[in-house]
Every structure is written in C-alpha cells, then in structure tokens.
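Order of writing sets the chain letters: A, B and C. Residues in each chain are counted from 1.
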Amino acid sequence: MEILQKISDGLIALKQKKPLVHHITNYVTVNDCANITLAIGASPVMADDIEEVEEMVSFASSLVLNIGTLNSRSIESMLVVGKKAKEKGIPIVFDPVGVGATNLRTVTAKQIIEDVRPDVIRGNMSEMKILAGIATEIKGVDSVADEMDGEKVALYLSQKLSCVIAITGKQDVIAQGNKVCLIHNGHPILSEVTGTGCMATSLIASYCGANDDLFVGAAAGVMTMGLAGELARQSLKAGEGIGTFRARLFDAVWNMTPEILEKGGTITNG
Amino acid sequence: MEILQKISDGLIALKQKKPLVHHITNYVTVNDCANITLAIGASPVMADDIEEVEEMVSFASSLVLNIGTLNSRSIESMLVVGKKAKEKGIPIVFDPVGVGATNLRTVTAKQIIEDVRPDVIRGNMSEMKILAGIATEIKGVDSVADEMDGEKVALYLSQKLSCVIAITGKQDVIAQGNKVCLIHNGHPILSEVTGTGCMATSLIASYCGANDDLFVGAAAGVMTMGLAGELARQSLKAGEGIGTFRARLFDAVWNMTPEILEKGGTITNG
Amino acid sequence: MEILQKISDGLIALKQKKPLVHHITNYVTVNDCANITLAIGASPVMADDIEEVEEMVSFASSLVLNIGTLNSRSIESMLVVGKKAKEKGIPIVFDPVGVGATNLRTVTAKQIIEDVRPDVIRGNMSEMKILAGIATEIKGVDSVADEMDGEKVALYLSQKLSCVIAITGKQDVIAQGNKVCLIHNGHPILSEVTGTGCMATSLIASYCGANDDLFVGAAAGVMTMGLAGELARQSLKAGEGIGTFRARLFDAVWNMTPEILEKGGTITNG
C-alpha cells in the first residue's frame, strides 16, 4: 500500500510543478503524446532539429526518446539531446518501439542505451527480451528470456542497465535494482488504439519530471494509463466503440485525481 | 449479390488473420490510418527509413504507398520497399494523393506505377483521370477522360495498368480487367474530414492482406468506409458535428460485422 | 458592432468561396489544422517539399507558415513558398511557434519576417514580445515590452512590421496600423489541448483566403476559435473531459454560423 500512496502523492507533485517534457518521438502518435502530457497536467514540447534540441532541453524537466519512426536525422538528434539531458541531470525515458523488428532499430536502441544511459525504459515484453539479448550479447539469451516471466526479465534488465524498467502488456511490471512491483490495472482494448504505449511513456516522463523517485514515477505513469483505460472502457455504451473510447481515455487521464488512483489502483510487490 | 457475400467473408478472413499492413504514408493522416487499420482488426506498422523498410515489409501481409506529403527521402523508400513487396508477392495498394496538382506528384506516381506495379490503386476521379493520361501518354486523353463516366475510366485504367482500380467519390467504382462494380454506400460528410480517402486505402490494404481476391478486397475496403460513414452520420444528434462524427466513424468501423455489411452494403454490377 | 457584422459577413464569404489554404506546418498538430480548416468550410493542402511548394501554392487562396517543428528542409521551403505567395498576392499568415525558446526559432522567424513579409502574424504574448525585440534590434526592448499591455505590443508590432498582429491568450488583441480591437471570447481549457493556437492560425488563414480585409479576417479566426471553445466547454457533462472537449470543439467550429458569431461574439475597440 505504501507505494500506492507514493503514486498518489506523485500526481499531486506533478500537478503542482507542471513539468516541461521534451519529446523526440514518432510522427504517428506525436499528437496523442502531446495531448496526454497536457491531460495529466504537464507541458509537452516537441523539437527534433539538431540545431535546437540542446537549447530546448535546457528548459525541460524530463526527456522522452521514442524510436517509433526513426531516421538518420532524428537518431543523431536523440543522441545529442540525450547527452545534454544527462549532463543536466534530468530523467530520460526511452521507448524502444519495435526494437528487434529491424536491424536499424536494434542498433539504434543499443546505441541510445550505451551512449545516453536512459533512466527509465518502457516497452512491451518482446521489446524487453530483445534488449535483454543486446545487453548480454550472449547467444541464446532470447530463448532463455522466453522462459523467464516478466518480473525476472524486468529485474535482470534493470540490474544490467542500471535503470528503471517498465514492461507493459497483459501484466505490467516495474523494476529497479532488486525492487519489483506488478500493476494489475489496464484493459485489452488499450491495444486496439495506436500509441497507448507511447502515451504511457509520456505519462512516465510527466511523473518523473516532478518526482525524484523514478520507480514511483514509472509505476504512476503505467497505472494512470491502465486505470484510465479501465474507466474509459466502462463508460462505453451500446453502439459506441474505439473512437469514443479514445476520447474517453483522454477524459479519464484529465480527470485523474489522487483519490481515483488510491481507490482504483491495484499494485502488488513482485 | 454474390460479391456482397464475398465481401462479408472477406471481413471474417481479415479478423482471423489480423494481417500486418506496412504503410509509407503522409504525416497529416498517419495516425488515422493506423487507428482505422486497428479498428477493422488488422495491425499497422509505419516505417519509412530506407535502412529499414525492406526488413520491415518482410513481416507484412500488404503494403500501402501514399504520396500525401511526399519528399525525396520518402519517394526513394517507396520505390525500394515496393520492389521488395513485389518480390515477396504481397499486395501493394497505392494512393496517388494529389497527382496532377504538381509535377513532383505526377512524376512520382508515374515512377511508382512503372517500377513497383501496384496491385490496387485507390483515388478520386480527378486523380484517376490524371493517371489515365499518364498511362497513355497521348495528349488529349484528359479531355477524353472528362467525357468518360467512372466505370469507363476505371475499366480503362485497370486494363492499361493491369491492376485493380478503386475510384471513390459520389459514386464508388471498382474495376479489374473487364469486371466492374458500383458501390452505393457513403455520405457527403466523409469529404469534410481529412484522411477519409487515405483511410479507405488502409482498409483496402487490410482486406487485401487477408484475401487473395483483390477485387473483393478493394470493394470491401471501400464499402466498409462508406457504410461506416452512413452509420456515423445517422448517429449524430442535434448540436453534434464533425468532431463527434469522426469518433463515431472509428466506432462504426470497429463495430463492423459480416452481418452489418450484408444488411447495409449496396453494390451493383456495372 | 460594425466589426462584428463584418466578421459575420466574413464567414458567409468563406463558406461561399471555400478557399484553398496551403500549409507548411508542424507534424504535431497538422491533422488538427487540416480538420479545423475543413470544419469552417475551407479546404486545406499540406505540402512542404521544395520541389512542389511553388506549384502547389499557385492554386491557393492563402498560405500558413508555422514553425512548430521546423528543420532545415522545411525552413527553406517556407522561404521559397512565401516569396511565391507574395508574388501572387495571396495573404500569408505566420505562426512563430516557440520563437525565443531557441536561437534557431528566433533566427528563422526573423528571416521569414524579413524575406517573406507575412500579412498576418498570430502568436501568444511571449512570442510577440520576442518579435518586438527582433524588430527593433534595440537591447532592452524586451523589458520595455514587459511593461506594455497587449494593445500596445500589438500596435507597436503592427506598425513596425506593416502587418496585422493577432495576440491570443487570456486577452485576444488584433491590431493593424493604428486600429486595435479586443476579443473577449475563449476559455482557459483551450490551453489544455495541443494545437489550439495553430488551429486559430489556420482559421485566420481560412477567413483571409476569402476576405480582403485582413484585420477582419484575423479577428474572425480568433473569435471563431474562442467562441467554439466556450460552446464546447459549456456542453461538457459530469465525467467528461478534455477528449470529449476536443471533439466538441470541432463540432462547434463546424456548426458555426453568422448568427452564432453575432450573438456570442464579444469584441470591443481598444
């Protein structure tokens, strides 16, 4: 229960600080990421040109790097802005979208992890297993990973990469060092809207921009998305569908309060 | 009536296979294309960097090429990924947005048609008349085209380019070789939302990724969009408008069933 | 009251002409800009490749330049298309998003203003104060600007840059030469949706594409956005939030009529 209280306090801190969250993200879900950041009470800025990213991130409280639609130009900007954010000491949240699907994504993710050393990584189980393979550079880790459950993958990666790991999916897992927790919120319909993963990453960065405890920040972001998905789904009436759900998802994040988190959030120690 | 049954069966096949649809598309409506692909039950992936498109398309069941906001970088990727898709034998659906408006678009569309040889082309009547002019390279074809009705343009282009032609507008026409059909679904309000053409293209690619009969796939995509537009329009109450319509359009595609297609779809032989 | 009548007539002119509005804008809110342009009754086209922008703008009735996510490629296209639009004599509406935040934005905004000479500039008060500093190139102007109220900043900039100035925020101000007016519509919730500023710019360009009086066009665009925001906010029921608000905002713009503007618009001379 203690962590649920910290998550709820984390929302209060977020609403008070209104952190500026600098994103370099993909052009598919960028509008959703900006709107979810605003909905929870933070402030988004999207800028990716290499000539301005260092200056822009100097105002920011946290940074999102998302490789959903990467290209040579944005990769270079990500590396540059990531180093600047590290220098400045603000949390960097990395979303390795589609890592493993192509060599470009795998190589880029590896480079971002090595050069930038993100503070939080959020992805689904497939992506995390690929990263676990990269991290060890031992053949066969993938198949080992297949046998691991989410908690083990998350703990393994967190220790290997010295960062907070957030795995989202049927089962959400957050790990940091030897701490791990499971979040039981969420609804399968979230996977039928593009960008709910990217939006969870933006929410994590919004919380982490206002809270020093990044384990709590990651859990808070993931719980907010999951709980909002549940509430949006419950609100659907006969004949409504995914378009209405999407609007209600933003409604639910915008209406999120410490009380709703405490009442609806379900989190257990791993 | 036989074709309506095939369309309805096509939706069953789509829902079972959940085909991955690789898109290289424009940054204006890309989010809508991803969401409509999910709403009908397929799975979208958007990737346009030349270093990864060939690898990415290797997982895909169909490919969308859409020149809505083309640039030299994306054109090159389209040609490369198109050839790879052709090699692999998956259907390529081309949306020649704005062809004829600028020389760049006309030249690019011509190059894509010649080099990639798309399996389905979807556009409005103006775009198709331009393509008919390109195809023949005879001056005055445009004015000839002006006198042709939709069926004639569609049949002419289909035979000339050896592909399925889908013309959408007041009157939707699908042609393949010497087969042609007219779809009478749709509502003028669809033209007041950006990207309904692009989304129809994504729906066609979703159907064609799960059905070998591309004539049926093209008809199914166009009918799904038109019928969803009718249902979304009917659902509007006093004071509601285009924003609510847009949400309901996604609702209607998400709620589409073989039964709704069979009951609401209106299609005739040309 | 006279200006309110002109604004209301401006909407009639817009609906009759359905002007084509060419945008070079950012990838964050581009879909919203296209949809708001359609919602008010104009027609959007988004094209930014340098090889086609001059040809594309030749069909347009007005041009939007928005530096929300600028890069070297789009900057060059903006300068080229701006000069072409000027040659052609269509109104150019400039949105200096984030000017002052980075040197790249400040330098680019300055270059656009000098080389293209936009007809209307819309921004928030911070952006306008930066532009006022650029315009004078006298150190300390920023602090002078800090003491100025909105009307003075708007009048100063309008005279300096020989264009219409629209400052949006808590207080909307429109100035042209020595004319100034204040628009009292709007709602704070508009700042909780990304792109409401960009959309106001698109609405201004929609009105200016159909009305020669750019002071009226700018006031009409700003009033339409503000009034639509009020109406959308009023329509929210308990439990609804920002997602529903966003849909209703488009509903309200789509349902806007001369009568609604005349009844709900509140404008005073400065």
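Heads up, the rule we're going with is that a contact is a pair of C-beta atoms (placed from the backbone, for glycine too) under 8 Å apart; a residue touches a chain by one contact, two chains touch by 3 or more.
The structure displayed is predicted, hence computed values, not measured ones.
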Joint neighbours of subunit C and subunit A, given as chain labels: B
Interface numbering overlap (same over half, different under half) for subunit A and subunit B: different
For subunit A paired with subunit B, centre-to-centre distance based on mean C-alpha positions, whole Å: 34
Subunit C residues counted as touching two or more neighbouring chains: 27, 31, 246-247
In the complex, subunit A residues that touch subunit C: 27, 30-31, 34-35, 38-39, 44-49, 51-52, 55-56, 59, 73, 235, 246-255
Subunit B residues touching subunit C - in the complex, by the definition given at the top: 26-29, 31-32, 68-72, 98, 101-105, 192-195, 239-244, 246-247
